Structures are given as structure tokens and as C-alpha cells.
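One chain, chain A, appears in both complexes that follow, with chain B as partner in the first and chain C in the second.
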Partner chain A sequence: MRITAKQIPIIATLAVCLLLYGTAAIAFHDRGFFSVGVFVNFFIDNAMLGIASIGMTFVILSGGIDLSVGSVIGLTSIFIASAMDRYKLPPIVAIFVALLGGTVFGGGMGAVIRYFGLPPFLVTLAGMFFARGAGFLLHLESVPIDHPFYNALSEFHLALGGGIELTASALIFLATFIIAIYLAQYTRFGRNVYALGGNEQSAVLMGLPTGSVKMRVYALSGFCSALAGVVYTLGLSGNPSAAVGLELDAIAAVVIGGTLLTGGVGYVAGTLLGVLILGIIQTAITFQGSLSSWWTKIAIGVLLLIFILLQRFVQTRKLRTTAS
Partner chain B sequence: MPQTVPSIEPPLLTLRGIEKSFPGVKALAGVDFTLNRREIHALMGENGAGKSTLIKVLTGVYRRDSGTMQLGGSEIDPRSPQDAQQAGISTVYQEVNLIPHLSVAENISLGRQPKRLGFLRWGEIAQRAEKAIARLDLKLDVRKPLSSCSIAVQQLIAIARALDTDARVLILDEPTSSLDTREVEQLFVLMRKLRDQGLGIVFVTHFLDQVYAVSDRITILRNGQRVGDYAAVDLSRIELISKMIGKDLSEVERESGGKAKPLSTAREILVQATGLKRKGAVENVDLTIRKGEVVGLAGLLGSGRTETARILFGIDKPDAGKIEIDGHKRELRSARQAIALGFGFSSEDRKTEGIIPNLSVRENIILVLQGQRGWLRLLSRKEQEELAAKYIAMLNIATSDAEKPIRFLSGGNQQKALLARWLASKPRLLILDEPTRGIDVGAKFEIQKLMRSLTNEGMSILFISSELEEVVRSSDRVVILRDRARIAELVGEEISQAAILSSIAGTNESSPE
Partner chain C sequence: MKAASDNALQRESKARRHSEAWHHLKWPLIALAVVLLFNFFFTPLFFHLEMKDGRIYGSLIDILNRAAPVMLLSLGMTIVIATGGVDLSVGAVMAIAGSIAALLITKSSYSFLSIVILTVCACAVAGTWNGVLVAYAQVQPIVATLILMVAGRGIAQLLTNGQIITFENPSFAFFGGGTFLALPFPITIVAVTFAILSTLVNRTAAGLFIEAVGDNEKASNYSGINTRLVKLAAYTLGGICAGLAGLIVASDIKAADANNAGLYLELDSILAVVVGGTALTGGRFFLLSSLAGALLIQTITTTILTRAIPVEFTLIVKAVVIIIVCLLQSEEFRKKALQLVRRKS
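Up next, the complex of A and B:
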């Protein structure tokens, strides 16, 4: 198979992922880093970030950005918790309303972006403040969840044999991932997202429904954020200050996953790798033991810089090959 | 006597009385246009004649104010490019409007991909694309990304996409502007083939040779009105041009009385450019500019005038050819370097490449001079004010005072301020690209007068204008471009509108290719 320029970032992501995992596995082999248990834990620990990053992938592919992700997670979690606590809403209803609300909220931001031609950065920044504020309006502090259904869901484990188990959050993450690949690769909506991010003006002149695609992308991201909020509540609480700044981790995961920040190029699978890379760095630093956990942030910063530089390199190279 | 007269087919597309206004401008004033099946129909007109507005009305980008549109006998009213496509009108624009990162196959089917059970069928997408490009006698791997194809092939892929719907009308809007001669020939072969398959093709171009090479009929627009609809074989080049610019030949000949102008061959050469070539811009341009003369650059829009100026000013790099300045070979790499050599360039598009709207008249005037001096040697406020006052008086710039933001000035006065900016830097060569576009007659004459007095002081001017009268009146020498190459040069008394027109219209024999 030939490698095209647009595949370079995701191949680099895969290489970095394997390199980090291999290095950590060798360095901490005596402490059991290289085990299925640790590997499965990447999916369990990073389910919330992973789901939010998948929504973010579509937004960035379309050439936009969504800064409201973390706030929507916080709002969703406190909504579910206080709705069950205060209004005795059945958990299924609370979850359903939360997912619907997140989708409508995202779609609303998309509509503002579409109809007023405003930059997504500013619109979702406003959304971020709005959702965070609304969360604190519902309740000022963390609210515990205690409901038989929730307890069961939270303790649910899918045994894979050999003592390896997947939690409900990990399963939700994997399901979201598979559906996202289907959306991106096998639906017109997904392909239109790529076209919109590749060149909006061309997409319009090609007769593609760019306006509705834009709105649906933010609705999808809103849905994913709300779903990540649901995953947060599986920790049996809701918290208005949950996931502060998580959107930035999500953007980092998407970009490290090989998606071009300018849109149009990238893969959902890359985002999964990006999330794994962040998880591996964090786990490796925990295993190391003596390093401050803030080194995670430094490592992410360095990686992010490298990937942005790589993107620039790929783009200029592409320009040159097109021009010649 | 033959018994059957070939039945006259009803026209494929009929536009009647199309009107479209924009604030302050009537872009189309009752235009009629008729396109037949099996016909390549060229749409001709100078810049601003209404060609692109008409195309946009036809493709649903703009809504018309009034008039009727019929396609195959039934009324149509496209409200978006999507609508027009569904009605059977497909368009390929000047700039390739496809998505570079996606595959060729996907670009062809985007928005109408085949699916089954909710899944896109990639195999069928590729097969359909292969069929679509085979129709154009093109062979390539449809799974490659579009960006790996040359611009010419991308253009063909855009046509393949346009035909993938059941297009009955294909609009090609300046499709050849970034193609080289051989690629243009390929495109023409394809256009003829599609015509013979029954398509009606609307062809918009600025290249006269191309119009005659491929068109069956020609519709000419001028100032938003239809001048006429002619069979290509019945319309000579010179007639075509005079209809486009709106002057009778006899009128042109009468006006062009010889004016005594000094022959300037004796003067020292400032700039000598030979064999300039840049893909998609100019093919072969030679140009000599002597000290203290005005060299006019004439030719139709798209003939390579602005492109030549951009190369001389270091904005674009030539692929081949050399430039000598004061007898030394130079490679111009940037506008900054050209300014350092004493060049000035007043751009055609003063709104986007010239004035800085929110700065005052004074600040706009001193910009280049200050840039030349470097920001460490700031002009004092007093010097700035003196300079501004001097040029406002010299050029009669109508402004209440020098501190007024320049966006409040009229177009002509903005143009004069822009001119003042370059004059303040005391250039040796001033390139004026359409300096009189959109300004009133009085200001035009002032600018021409000024050009004359500047050259008397030893400055050289390269003057680009679409208005032949101006070129004739102001230039000591006129270099004529056609289809991106220099085809003739007129000096002194030879310069007349008629001579320029017949050069532009001249047949291929005098052209280098």
C-alpha cells in the first residue's frame, strides 16, 4: 500500500503510541506495566476523555472547534445527579433528558455559527461560560448519586476471561468509537464533514448541504459531551466543576491523533490512538513514581508541539507537490 | 429538392430579459441568451460586462430580479447551485472547486454517493468514478487523492463530476486560465466530444484564439446588456473586439490621429526583461523600459498584463526568463527588494492591495517612504505633515484634511493618495496597474497629466490600462500582449487604437506559438 501525505500524521501517531508503550513496557516490566490489565485500564480510565474527543474529532474535521465540551460534561453530571436527588427522576429519564439537552445545546451553537456566520471559537466560548454557569446554578457542590440502577450500572463488569474485565464506561467508549467510525467513513454526513473542512467554498459550490452539516457536527459534539457527562456520573456523583479544561485535553488528543487542526484530514481511529497516548504517558509517570504528575502536562505539551510542526511540514510539502 | 427540411430543434436553454441589480449598479439590464443542443456557445465581454453575474444567475448563486429562464421548454428558477444541478445545469468554475484531500472517486460522487443499508458503497463509488473519467478519455487511479493530480487533470475531474449528474447544460467559466497550450487542446477535444453527444456548453474565456478554436456561436455582453448573438464564422476578430469594447472600427480609425511623440530609442535602458515565463500567468514576454518614458501595456483582460507587472515587482517569481536592471542581471525575490531598487507598484485592486482604510490620508501617503527608511528612522510628525500637504496640493486630492481616514475619500481620491504614496518614495520605475479604473473623467486627466510631468523629470512608468484611448494618449511606446505573450510593439507615431486593435485581433501567424 502506498502512503499518501494525509496518512503521514496518523502513521506518526501510531509510531509514537507504539514507541511510548514499548519504552514504558520495558522500563517498568518489573512492575507489570506490560499486562492486559494495565492495557484495559487505559480504556476504563480515559472513557470520559475518549468520548468527548470523538465528538471533538468531527468538529475539528469540519474546520471548527468546540470549547464547551468540559462545561457540558459538568452541567450534564450535576443535572443528572440533582434531578435524581431533588426531583426523584428515574435514572433512565434523567440520562435521556441530559443526552437530548446536550445535543440541542450543541445544535444551538451550530445554528448560531451557521446563521450568523460567527467564528466557532467565540460561539463555543460563550457556550462554555453559559454551560458552566448553568451547572453551578443547579447546585453549588458535588451531589452524590444513590440509586439501585446506578449502583448496578457502576459496578457492572463484562468479564473477558483471565480476570480481565471491562466496565460500563469502557463499553460505552468502545461503542461510541465504533459508531463514530461508521459515521465518518460510511455515511454521507461523515464525508460531507471532510469536504466542509477541506474547503468550505468548494463544498458549497459542489451543492453539498454545508449549513446543516455544520449544525449537525456541533449537535454531535454536544451529544458526545453529554454522554461523557453520563460516564462521569458512573463514579456515583455529579459535580458542576467537573471536567474543567477537558476540552483542551480533547483537542490535544485529536491533534496528536493526526487530525489536521485546519480540518479536512484525519481519522477517528487516530483520535483513539491520541487518547491512548495521553493515557500511556499518565500511567507511565504514575509507574515511575518519583516524578510529579504534572510531568504529564509537559509531555503532552512537547508532543503537541511536535505534531503541529509535523502538520505544517506535511501541508507545505503538499503545496509544493501540487504546485510543481 | 430534398424533401425533408431538418426539423429546427427548440433551443435547450432560453433566457429572456434577465435583470439583476446590486446596490448602485445595474449588473444585468434585460439580457437575452439562447443556447442550443449540440452547441458550444462563447460568452464574451470585457470586465464588468456582466458575464459572471449572468453565470451566477444561471447557476442559482444569485436570484434574478426579473426575466424568465427556460430549460428544455419548461420554466426553471434555481435558488442554489444544488437546485441548478438537479435541473441539469452543471458548472465548472475557474478555480477548481473540489476537495483536495479527498480521493478522485469521492470528489466525483460527493453528495450523491450510492449506499445500501445505510452504508456507503466504496466499491461502487470507485466504479462509477472510473466510468465517469473514462467518458473523458482519462485514465488514472481514482483512489488517489485529488491533490496528487495536476491542475489540468483536476479541471477535467471537475467536468467529470459535472457530467455525473444528468447534465444537459455545462457551463465552463474560464476553464483554461490555469492550463498550458497542450492541456487547453485536450480540453477542446473533450468539449467537442461532449457537444457531439448532445450537450449545450457555455464557454466563458478571455482568450480570443480559444473562442474561435472551439465555439459555434458567440454572445457578446457589454455594460450588462446583450450586444448580439453571432455565428462564430460570421464574426471577424476585429468586429468581435470592437463590439466588446463598444467602438466602431471607423470611429476608432478616425480618432487615432497621429500625435507627435519623441522617439525614445536613444534613451538609456532601465529595465530589460526577456522571455519571462510563469505557468498559468505569462508564456513569453519581452519588455524594455527606458528612462523617462511611459510604456503602455495593452491587451485584453487575461492577456498577462497584471501578471507581467507582478513579476517585475518581485511579487511572483518567473519560471524562466531574465530581468536586467541598469544592465545588471537581477533576480527579484520580493516586493521589498523591488522597492529597494526604486520600483513602485500601484495595484489594480486598490481596495485589497492598496489603501489601508482606517489610516488617515497622511499615514497612507508616508507608508512606503517610512518603510524604505526603516522604522528606526522615523519621519517626524512635521515632515509627515509637509509631505502629505505637498501631495494633496500637487494631486488635487479632495479631502477636508490630511487626518481624515482614507476610507471616507472617493475612489478617485483614494487612487491619487495611493499614487502619492509611491511618488513620495521617489521611484525610478512606477508601475501603474489600471490607475484610472472607476474614477471620474476629471481625475483621469489629472493622473495622465501627472504621468507626463513625472517622466519629464526622468521617472519611467509602466502603464497598464484596459482603456485603449488612455494607453494611446499617454504612452511613448506600447507593448501589446495577447494570450500571455508579447505579440507586437508600437512606437511613437505608430501608436493608434486601430493599430493596437488589429494587433490584438491578429491571427496566429504573428504569435510565437
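Up next, the complex of A and C:
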């Protein structure tokens, strides 16, 4: 199999992921870093970020950006909690309304971007303020959730044998991931997203429905954010100030995962690796013990820099090969 | 003869520029007037000013004072946006400024002035870093500045060891809380920065270069402008403005809070610039309108606070303002709205 320029970023991501994991595993082998339990925990601890990043991947692949992710998570979580607490809504109904609401909210932002040609950056910035404000209007503080169904859901464990268990949030994450890969690689929608991000003008000239694809991409991201909000409520509370700044981590995960920010190039699987890399850094710093949490931010910043410069290198090479 | 016609041409283009600047200043000013008028009728004592210990007090002065950091940021942001970029890192740079100042105050015996100069220089370096990434590595501005936005707060926390450093320093306290000409000192800082910047862009070719780079980078490069240097300078300037804003905040709360200093202010300052009529795509820019935009945001916030409306409304109001202003500026929206009106009539 020949390696094309498009695949260099994701190969680099895989290499960094393995390198980080290997280094941490060797450095902390006496504390049991290299164990299935710790590995499974990456999926459990990062389920919320992972789901949100998957939605963000589609948006960035289409050439856009979504800054509203964190706020929508906060709004969804507080909506579910207060709907069950104040209006005694059954959990299933509350979750369904929240998912629908997130999708409509994202689709609405997509519609403004589509019909008025406004920059996604500004529209989703407004969406971010709006969702955060709406969340605070519902309730100012964290609201606990106490419902037999929810308790059962958050207690749920899928035993994999050997004492290894997956929680409901990890299962939702993995399911979303698999569906997203199918959506991106094997459906018409996925191909349209790649075409739109690759070159919007060509996509229009080819007769692709770029407008509706744009709207659906933001609706999908809204849905993923709402789903991440549902995962947050599995911690048995809803909080309007949940996931502040999560959109930045999600963008970082997507970029580190090898998706080009100009759109059109990247893989959902890369984003999973990106989320894993962020998780490994976080866990390694916890395992190390004496390093403080702000080193996480600096490490993420350095990784971002490396990957962005790598992307530049790939792009200039691509330009040169097409020119010659 | 030729000189005379050149002169006339120059005068004409100057007049056109002035009328255009006024056109863009109009909207934020009208919005500001509406909010102020609302307060005039419905908020008692909103326009009340009184003199106490040689300083004027009142809601209006308070608005000016509180808007100072965002006003400073929006000045730098206007220049950056005019070159076709954006700077997401200004909030994090403010936090770095606070941490550096706190360290210098508590750990060294430097004078007030050298502390300010050192801090601003450090922030200029941070801005230059952004500029190098954007201009020389040609990374998209959103992404390039995202790096410092994420890592910057980490660096600020690293400097203060993760703690909130408090300090007592009378001369440094003057920077954010002092009185000058009967007004809070931050207002003077904003006024001086604005005066320097507007002289720079109006009296020298710098303004033209910035606009040209934002309008059409390739063309300006071909016409001999060092586009990379212009961009680099713009981000450095943004860093300096963020440094000053960070100093004001740190001096005001007499502490360096690496987690919260300048949080979300990058978004507020971008909003101020956009409300002021400078398009995110770059080109024409309006420093004074950006200041008016920053004032509008702060006036809305203060109005909401004084009228005992839940503070959370501020976020929703901001969101609505962004969308309305952007829609009004969008060519497509105006076309569609006109079509709708015509169809009805």
C-alpha cells in the first residue's frame, strides 16, 4: 500500500500515540500504567470529550468550526436534571427532548451560516453565549439527579471478563464512534462533507447539495454535543457551567488526530487517537504525581504546535506535487 | 497644476474616508444611545455624577472604567482583524501579564515603571510568537493563536505555581485604580493608546499597509508591501494591548489569577470589533467604532446589573447582539430582507 500525503498526519498521530503510551507504560510500569484497566479508563474518562470531538470532526472536515460545543453540553445536562427535578419528566422523555433540542440548535446555527453566508466562527460564538446563558436561566447551580432509571444506568457495567468493565458512557462513546466511521466513509453524506471541505466551489459545480450538507453537519455536531451532555448527566447531576472550554479540547483532539483545519482531509479514527493522546497525557501527569495539572495545558499546546506545523508541511508538499 | 489636482484628489479621498468612518461609527453609537435613553427613563440615578476626593463617581464613569480592558483589547484586535486575522490568545496573554507583574512585584525590587515595561515587553514577545506562526509559518490565524490560548494559561499558572498571588504595591495599584484628571487612570491608558494608534494609522502609511494586506494579500505583496512584516507587527501590537489590559486587571484586583484573568475577553473584544463595523474578512478598519462597540457591550452589562435582571441574561443579550449586527452587515441578508419587503408591498 502506498502512503499518500493525506495519510501522513494520521500516521504521525498513531506514532505519537504509541510513543506516549509506550513511554508512560515504561516509566510508570511499577504503578501499573500498562494494564487493561487503565486503558479502558481512557474510554470511560474521556467519553464526553470523545463524543463532542466526533461531532467537531465532521464540522472541521466540512471546513467550518463549532465553538458552541461546551455550552450545549452544559445546557443539555441542566435541562435534563431540572426537567426531571422540577417537572417530573420521565428520564427517557427528558433525554429525547434534549437530543432533539441539541440537533435543532445546531441545525439552526447551520441554517444561519447557510442562508446568510455568515462566518461559522461568529455564528457558533453567538450560539456559545446563547446556550450558556440559557443554561444559567434554567438553573444557576448544579442540580442532582435521583431517579431509579438513571441510577441503574449510571451503575450499569458491561463485564468484559478479568474484572474489566465498561460503563454506559464508554459504551455510548464507542457506539457513536463506530456509527461516525460508517457515516464518514460509507455514506453519501460523508462523501459530501469531504467534498465540501475539500473545495466548496468544485462541490457546488459538481451539483452536490452543499447548502443542506452544511446545515446537517452543524445539526450533527449539535446532536453529538447533546449526547455528550447526556453522558455528563450519568454522573448523576446537571450543571449549567459544565464543560466550560471543552470546545478547545475538542478542536485540539481533532487537529492532533490529523484532520486538516482547512477541511477535506482527515479521519474519524484519527480523532479517537487524538482523544486518547489527550487522555494519556492527563493520566500520565496524574501518575507522575509531582507534575502539576497546568503541564497538561502546556503539553497540549506543544502537541498542537507540532501537528499544525506538520500539516503545513503536508499541504505545501501537496501543492508542489499538484503543481509539477 | 498637477500638484493641485493631486491635492484635490487627496482631499476628496480623505473626505470619503471620513464619511465612511462616520457611517460605521453610527450604528454602535445609535445602539449606545438607545440603551442610554432607556436608562435615562427607567434607571434612577444612572446619569448621576458626583465629585468625591477629587474623583468623579457615577454609573457612566464606572462603565468607562470597567470597559477599559476590553477597549484596549479591541484596539489591538481591530488591527489584527484588519489584516484578515484574528487573535484568540489575548485573554491568556492577559493572564501571563498578571502573573509576570505579580512575580516581579513580590520577588524583585524593580520600580513600578520597569515592571510595567518588562511585562508589556513579555506580552509583545507572546504576540510576536503568534505573528511568526501566522506570517511566516502561514498557519491559519484561528489555529495559530489557539495554541497560545491553550498553552498561555498553563504558562501563567506555571509562573505563579498554580496559586493566586496577591500583592500590596501602592504605585502599581495606581495603574488600575488610581485617579488622573478626576477620572480613573485606566481611561487615560485607553485614551493614550488610542491616540498613539490612530496617529500611527492615519498619519503614516501603516494604516494603508494594514488595510491593503487585509483586502488582498497577494496584490499588496506584488506592489511591494512586506505583508509578512505587517502581519507580524499587527500581532505584536495585539500582544502589547493585551499586556496593558492584563496589567489593569491585575492591578485592580491586586492579584494575579491565572485561571480567570481575561477569561472570555477575547470573545468580547472580537464582538466589539465586529459591532464596530470592521469585517472579519479584513480590510477597512475603524478604531473609534471598535471603542464604541466595547462601550456598548459594557453599557448593556452594567444596565443588566443595575436593573437587577439576572446576570445570565448578559450572555443571551450578547448572543442576540452578535447575530443582529452580523445579519445587518451580511449582504445576503439585506438582499433577502429587501426581496421580502418588496414582495409584500
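Here is the rule we go by: the second predicted complex is superposed on the first by the 324 of 324 C-alpha atoms of A that agree within 3 Å, B and C clash if a C-alpha of one lies under 4 Å from a C-alpha of the other, contacts with A are read in each partner's own complex, and residues count from 1 in each chain.
The criterion applied here is as follows: a contact is a pair of C-beta atoms (placed from the backbone, for glycine too) under 8 Å apart; a residue touches a chain by one contact, two chains touch by 3 or more.
All of these numbers come straight from a predicted model, not from anything done at the bench.
Once chain A of one complex is fitted onto chain A of the other, the partner contacts of A:Leu100 are absent, as it touches neither chain B nor chain C. In the superposition on chain A, A:Leu137 makes contact with chain C only, while chain B stays out of contact range. Of the two partners chain B and chain C, more residues of chain A are touched by C. In the superposed pair of complexes, A:Thr296 makes contact with chain C only, with no contact to chain B.
Judged by the touch definition given at the top, the superposed model places A:Arg312 against chain C, while chain B stays out of reach. Of the two partner chains placed around the shared chain by superposition, neither chain B nor chain C is touched by A:Ala152.
Contact with chain B, but none with chain C, is seen for A:Gly264 once the two complexes are overlaid on the shared chain.
Using the contact criterion defined above for the overlaid structures, shared-chain residue A:Ala252 touches chain C, although it does not reach chain B. Shared-chain residue A:Tyr115: touches chain C; no touch with chain B. Listing the residues of chain C that touch chain A in their complex gives 86, 133, 137-140, 142-144, 146-155, 157-158, 161-162, 258, 267, 270-271, 274, 280-281, 310-320, 322-323, 326-327, 330-333, 336. On chain A, the positions that touch chain B within their shared complex are 4-6, 182, 185-188, 191-192, 194-195, 198-199, 201-209, 264-265, 318, 321-322. The touching residues of chain A, when paired with chain C in their complex, are 65, 112, 115-119, 121-123, 125-130, 132-134, 136-137, 140, 248, 251-252, 255, 261-262, 292-298, 300-302, 304-305, 308-309, 312. Chain B contributes residues 80-82, 85, 91, 93, 96-102, 106, 110-111, 113, 115, 118-120, 144-145, 147-148, 151, 161 to its touches with chain A in the complex.
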